[in-house]
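Common to both upcoming complexes is subunit A, partnered first by subunit B, then by subunit C.
Our next item is the complex of A and B:
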């Protein structure tokens, strides 16, 4: 019986909010219903965690069960991690039937062939998502269970959501194993990152409410008049202007709630333009980094114009985030031959 | 582009009209509601605009404006620029006491993005009083509403013996050079 496994389980339990511990343990399905009944869930979390650890020791839990508990925790609270989206590409055509067992086997074999000391665990969920947890070691040390990488892979889609481990050097290994296991040829980062995994899914699977140009705005305008039944002594002078702003905003952002992103970053690499007589170095790009951050970036951008904090029709650089599916940009000088591509990868 | 005139229309007996210009509509609305809640002996109409000029298609519906309040949010540079741009559409005779600058968000030093000196300069250049307040706080909002109502009464000529001009001079800093 491994002491560290029990301690790992105990610490995982400590991370769960107290009123959710029971539900998570039930989902884990490692402790029997009878055992669960012996735990008093109304005591302080520290004591609950010791009780759980005690029971796990009785059941002689191994690292596999501990990993599954960790996956359940991360699945229930995905916002605790930072997720990046990767896109995989195929060079040739040809569709193969997806076999989860094959994927698991290939993935494990690929990783293990490079690094012996890794813990790999899988768990499937109903939404066709496969959660993969990887704990990394080195050739001489055991896997560090506290610095894990997570991969969420939706079969039949080329997108993978990766939450990298703090041990950054393992990321290329992980990407390679993914490409091999899922029969793709290439993988690249999409420059889209957020804590909210579901919002990332909404963006890349395009399931958030988008607005379409063909949509007729007439009935919505009528709906908007109703709630403004205010005192007759207050007169809005710019009503038509406000309606214009609302319409523009709706065209850009749509009606529904926005996916949740926390930041957008723009790296400027444009030339400094000056009077040639002033003899300022203008061969070097003018470097500058602009970062927008907010608990809910897209919603705050959406409310800028209606709140009167910015002119309507925001810059396309800000509004293109959801449909370009990226929130890290590099802005370079406009090239003469491709005037459209002011944003380059 | 129409310029707001102070004397282009005849006054309506026992009533006063106030024009609030500011980019933050939420605060504007709340201030307007606070103005309405105060007890008063005259009919008030409050006109809300995000910026000037006012749309000319409503000119015939609008009564004579007695007081223009330009709202500046200390947290937003845009609000100051907006006010500066709007000032061009106000007739010069308005600045004889019928304009005031209302600065909100005072006390939030951390998120301050407008320099107070810029606001003071604006007040000086346009010979108009600058009032400081925090409209997010209920108590200060009510007090500000009471102040503005009193000024509106004076500007509309409801107080005998005090004209907008004399009141404006009273509000000027005495140590102006």
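Our next item is the complex of A and C:
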């Protein structure tokens, strides 16, 4: 019986909010219903964790069960990690039938062929997503269960959501194993990051609210009815202006809620332009980093114009984020023919 | 009546029979006449009633117009709709017609720079998801934005037909989307209504072109586990091209036969319907 496994389970339990521990343990389905009944879930979390640990010791839990519990925890609270989107490419076209079992086998074999000391676990979810947990070791040390990488992959899509381990050096191994297992040839980061895994999925799977013009009846959405001035003597002077802003905003953002991103970063590498007589910094690029951050960046941007804090029709640099599926940009000088800057892709 | 004399020697009865027939015919005719008269009277009454109703309504309309005139205080030529009102009415009815178009599955609307198409999918009389394609038409037709799932081979279909045959492009894409949604719907229905028969997890991929699951079959108070692997080789089709149903090798021959029958059924009938038929059998 490995004591570190029990301790790992105990610490995982400690991370779960107290009122959700029971539900998570039930989903885990490792402790019997009878055993669960012996745990008092209303005591302090520390005591609950020791009770769970003891039961796991009785059931002689191994690392596989511990890993599954960790996956369930991360699946339930995906916003605790930072996720990056990677895109895979293949040279030949065509979709082939995807078999999960094949992917699992290939992924394991590929990774193990390079590094023996890894713990790899899979868990499939109903939305045809597979969650992969990898704990990394070195050729001489056991895998570190506390510094895991997570991969979420939806079959038959070229996108992978990776939450890397703090042990950064393993990322290339992970990427290589993914490319091999899913029959692609190449993988690259998309410069799209967020804590909200579901919003990242909405962006790359294009299920976020886009404003499409059609005659189709759309499901009626509850809109906040703007409080029309109750007092008839008060006249809205700039009503047409407000309506213009509203219309422009709707064209850009659509009606629905925006995907949740926490930041957008713009790196400027443009030349400083000045009067030639002044003779300052002419050939040097003007380096500057602009970072917008907000608990909900796109919703914030959406509300800028209606709130009167910015002119309507915001800069495409800000509004192209979901469409371009990236929130890290490098802005360079446009080559020769036009002095305007542009966004590199 | 000349016949009467000729027939007389052969029998009075024949003559009587003929007379009877004649009288019967006359009676039938009379009855018909009466019925017609009755009907005419009824219709006349209806006409009268409708006339009354019309007069009533006309009176009401007159009253209303008078009232409005009174309110506005301006004398307008009565009951002459303006050209603008007619135009508005026409636009409204045309828009309603365009809205109806989505029922056909493919509808479009001109935008500033091109056209936006909507493909609505449906299965068994139920409308399911709608997908959108925003196309630019200048300088050549190209896809600007869309909400088609990534695993639908949109790029491939576009490469084949987008520039040359937009109708074909839309219909092929619509076939792909419909078949995908229909496969997904069947798997969802299976999970929703027959989860008690399914053992373990139903394994599917994003495109729902491979389903793997196990289910229990009871026969003569014994249960057997059937393993199923459904492969949908034709992506424009909602039925599998390959259905493998297997049972344990030590199962009796009759159970193996049943597995083979199920395999055939899965290829012909929608998944949830096949399961419904197991229940009733």
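FYI, the second predicted complex is superposed on the first by the 318 of 345 C-alpha atoms of A that agree within 3 Å, B and C clash if a C-alpha of one lies under 4 Å from a C-alpha of the other, contacts with A are read in each partner's own complex, and residues count from 1 in each chain.
The criterion applied here is as follows: a residue touches a chain if its C-beta (ideal position, glycine included) is under 8 Å from a C-beta of that chain, and two chains touch if they have at least 3 such contacts.
Computed from a predicted model, the values in this text were never measured in an experiment.
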First, second, both or neither for A:128, with subunit B first and subunit C second: second
Which partner, subunit B or subunit C, touches more subunit A residues: C
Touching partner for A:156 - first (subunit B), second (subunit C), both, neither: second
Subunit B versus subunit C as contact partner of A:323, first or second or both or neither: second
Which superposed partner A:171 touches (first subunit B, second subunit C, both, neither): neither
First (subunit B), second (subunit C), both or neither touched by A:99: second
Touched partner set for A:205, first subunit B, second subunit C, both or neither: second
Touching both subunit C and subunit B, counted on subunit A across the two superposed complexes: none
Of subunit A, residues touching subunit C in the complex: 93-95, 97-100, 124, 126, 128, 154-159, 204-207, 210, 212-217, 323
Of subunit A, residues touching subunit B in the complex: 231, 233-238, 240-242, 306-310
Of subunit C, residues touching subunit A in the complex: 95, 98-99, 101-102, 107-109, 111, 116-118, 120, 130, 132, 134, 145-151, 153, 155-156, 191, 201, 203-210, 231, 233, 235
Residue ranges of subunit B in contact with subunit A within the complex: 19, 22-26, 29, 32-33, 36, 43-51, 54-55, 58, 62, 76, 78-79, 82
